[in-house]
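One chain, chain A, links the two complexes that follow: it is found with chain B in the first and with chain C in the second.
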Partner chain A sequence: MSHSYDRGFIEDFGRWREFSAGMWAWIFHKFTGWVLIGYLFTHIAVLSTATASDPAVYTDTLQGLEALVIVRFLEVGLLAVAVFHILNGVRLLFVDLGVGLEAQDRSFYASLVLTGAITVASVPTFVGGVLA
Partner chain B sequence: MSTQTEPESETEIEESEAAATETESAVESPGDRRRREKGERAVEEEAKRKEAEETLDEEDTVQIKVFRYDPEVEGKQEPRFDDFHVPFFKGMTVLDALIYARDTYDSSLTFRHSCRQAVCGSDALFINGSQRLACQTQIADLDSETVRVEPLPHQDVVKDLVVDMEHFYDQMDSVEPYFDADELPDGDETQRQTPENREKVKMSTRCIWCGACMSSCNIAADDNQYLGPAAINMAYRFAMDEREGEIRKEDRIKIIEQEHGVWRCQTQFSCTEVCPKDIPLTEHIQELKREAVKSNLKFW
Partner chain C sequence: MAEHYSSFQRGGTRWLLQRVTAVFLIGVLAFHFFLLHFVNHASEITFAGTAVRMSQVGYFATMWLFLVTATFHGVNGVYNALINQGLEGTRKNAVKWLLVLASLLLVAQGTRVAIAMTNLV
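Presenting the complex of A and B:
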């Protein structure tokens, strides 16, 4: 075809307002997956350098990090990301097994609600020491 | 009408009535009479339509926003949206509105349609942000002031709402979508299918090749070699058909388990969501994935 109109980026990605449940689940799963990989590498990097010399450095590093309010909040975020990834991963396992495909949207909403509940419940544990 | 000497201010209706009285005096064949009556009716209906259109208020019209693009006409090469205000009637579909807009306002408005009853699959469009069949979508169901009509995403636009379906058809052909049994029965014997097996492939046979699923799939948008939901569904329809036999089924599994086959599916459920024939596409793709694993996993 000699002429055709390329509708560009929006066409490949779609319009987020019009996404359905399955699409949101896919996006969140990708996003949380990348966040977890990012965390994993930072985690390994920090621990390997902090424990390299002696135990005192390790304790200092961790205590220094935990003293920062932002780190406490990031931990809540990390938990939320991990919990959603786990729950949606279970949902995807069921999808792969062909179980409950008609309820895929509801199971996504359920994993969202559960993630929210667990995250909220974890806030006192993570943030308590800093703010109280 | 050449003998008429009526003043120019006469309306069309009066003109035709005059013509009618004139011809009545002469000997009139039944055919002439029917044509005359038909002509009168047409004029009457046209007048009624005009009157109805003039008295329309906001309540009775629907606004459609239609994607326009024509590479062959200078000044239309830049894509734009045209607004049409179409009189609404109960039961009006998006296709009805488009046909009205084309016939009444702009005859260059281009879109595919044929059977108008969700059988031919030629009018899959992107309506209010979702792939739907225009003939199957009731405007009353859309719950919005304006109806936004665009060509299917992820396909090249040829003109206005018409997209190039060639790639879609290529993908459909690549799964060999035809019945091809290992062995045929002798003579006049009928090749029977069990009711259970028929029930299993029933939904997959409903595909009308409209391309809505392929257009909704993010993976297909990114990976041009991906077979796409429709083609995999076609493969499912024949691979699961018991009449074809084991050897053919194995061949079919080999086609769909390639790199750009079933394994590209990441279960977004977009295709299942938009399928106008309610085919459980994701379910079929997942089942073929399991079949592919089963045919490769051997513990002996």
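Presenting the complex of A and C:
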């Protein structure tokens, strides 16, 4: 069934206390999307060291970045952002297909919990070699 | 009744392409992260190792398609988010062409980088 919903001023974040699960999912999806597209441009910029005539420039740049503790934690953050965007993206595809609409709030909470679990479980891998 | 939140107008071409690229990206982004952080650790990456991976035709093609679809999906998402913020008229047109230019530059540079990582060409 087609249904239009008057969302009012969507970007009026002053109303955040009134936001429902679906609205938070929409905001988080948008936020993680901005982070991911920003990262894509940065990623290609860093990988552009591969075009240097000396291959050591690429290897040294990547290994130099990986030696920084802050970079490892930023990677954990990036994983969290990517996992949430993927899981909520799957949820959105189901919503668009009209599947599980009645559970869309619960599937948002499930996306959050699963993102948290995967992120926490990944920490040892990401900090390996610089902290552990 | 469940509420529907999306920055996209349902049924349009941009909406459809955003969904189609999403399906591809779900798998490839997960594969990319898993391969380069959990199978091969990022801290151990060398140009030689990258060149071995990128010199396989299937891997190269997957990564290049990843670049193109991720660029489209990301930039299309940004464009729709801005329209959703109320972007209209001349500014909307200017932003559209700026984003198209940024996408083309990113794909061009990404392709250049991908070719530099391989011995396929």
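The rule is simple: the second predicted complex is superposed on the first by the 116 of 132 C-alpha atoms of A that agree within 3 Å, B and C clash if a C-alpha of one lies under 4 Å from a C-alpha of the other, contacts with A are read in each partner's own complex, and residues count from 1 in each chain.
In the analysis below, a contact is a pair of C-beta atoms (placed from the backbone, for glycine too) under 8 Å apart; a residue touches a chain by one contact, two chains touch by 3 or more.
Everything numeric in this text was worked out from a predicted model, so none of it was measured.
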{"item": "Which superposed partner A:Gly128 touches (first chain B, second chain C, both, neither)", "value": "second"}
{"item": "First, second, both or neither for A:Thr59, with chain B first and chain C second", "value": "second"}
{"item": "First, second, both or neither for A:Leu92, with chain B first and chain C second", "value": "both"}
{"item": "Touching partner for A:Val120 - first (chain B), second (chain C), both, neither", "value": "neither"}
{"item": "Which superposed partner A:Trp26 touches (first chain B, second chain C, both, neither)", "value": "both"}
{"item": "Chain A: partner with more touched residues, chain B or chain C", "value": "C"}
{"item": "Contacts of A:Arg17 with chain B and chain C, given as first, second, both or neither", "value": "first"}
{"item": "Touching partner for A:Leu101 - first (chain B), second (chain C), both, neither", "value": "both"}
{"item": "Residues of chain A that lie at the interface with chain B and also at the interface with chain C", "value": "3, 5, 7, 11, 20, 22-23, 25-26, 92, 95-96, 101, 104-105"}
{"item": "Touching residues (chain side chain C, partner chain A) in the complex", "value": "1-7, 10, 19, 22-23, 25-26, 29-30, 33, 37-38, 41-43, 45-48, 50-51, 67, 70-71, 74-75, 77-78, 81, 84-86, 102, 106, 109-110, 112-113, 116-117"}
{"item": "Complex contacts: residues of chain A adjacent to chain C", "value": "3, 5, 7, 10-11, 20, 22-23, 25-26, 30, 33-34, 36-37, 40-41, 44, 47-48, 50-51, 55-56, 58-59, 62-63, 66-67, 75, 79, 82, 86, 89-90, 92-93, 95-96, 101-102, 104-105, 122, 125-126, 128-130"}
{"item": "Chain B to chain A touching residues, read off their complex", "value": "69, 71-72, 79, 128-130, 153-154, 156-158, 164, 218, 221-222, 266-270, 272-273, 280, 282-283, 286-287, 289-290"}
{"item": "Chain B partner contacts - residues on chain A that touch it in the complex", "value": "1-7, 11-15, 17-18, 20-23, 25-26, 92, 95-98, 101, 104-105"}
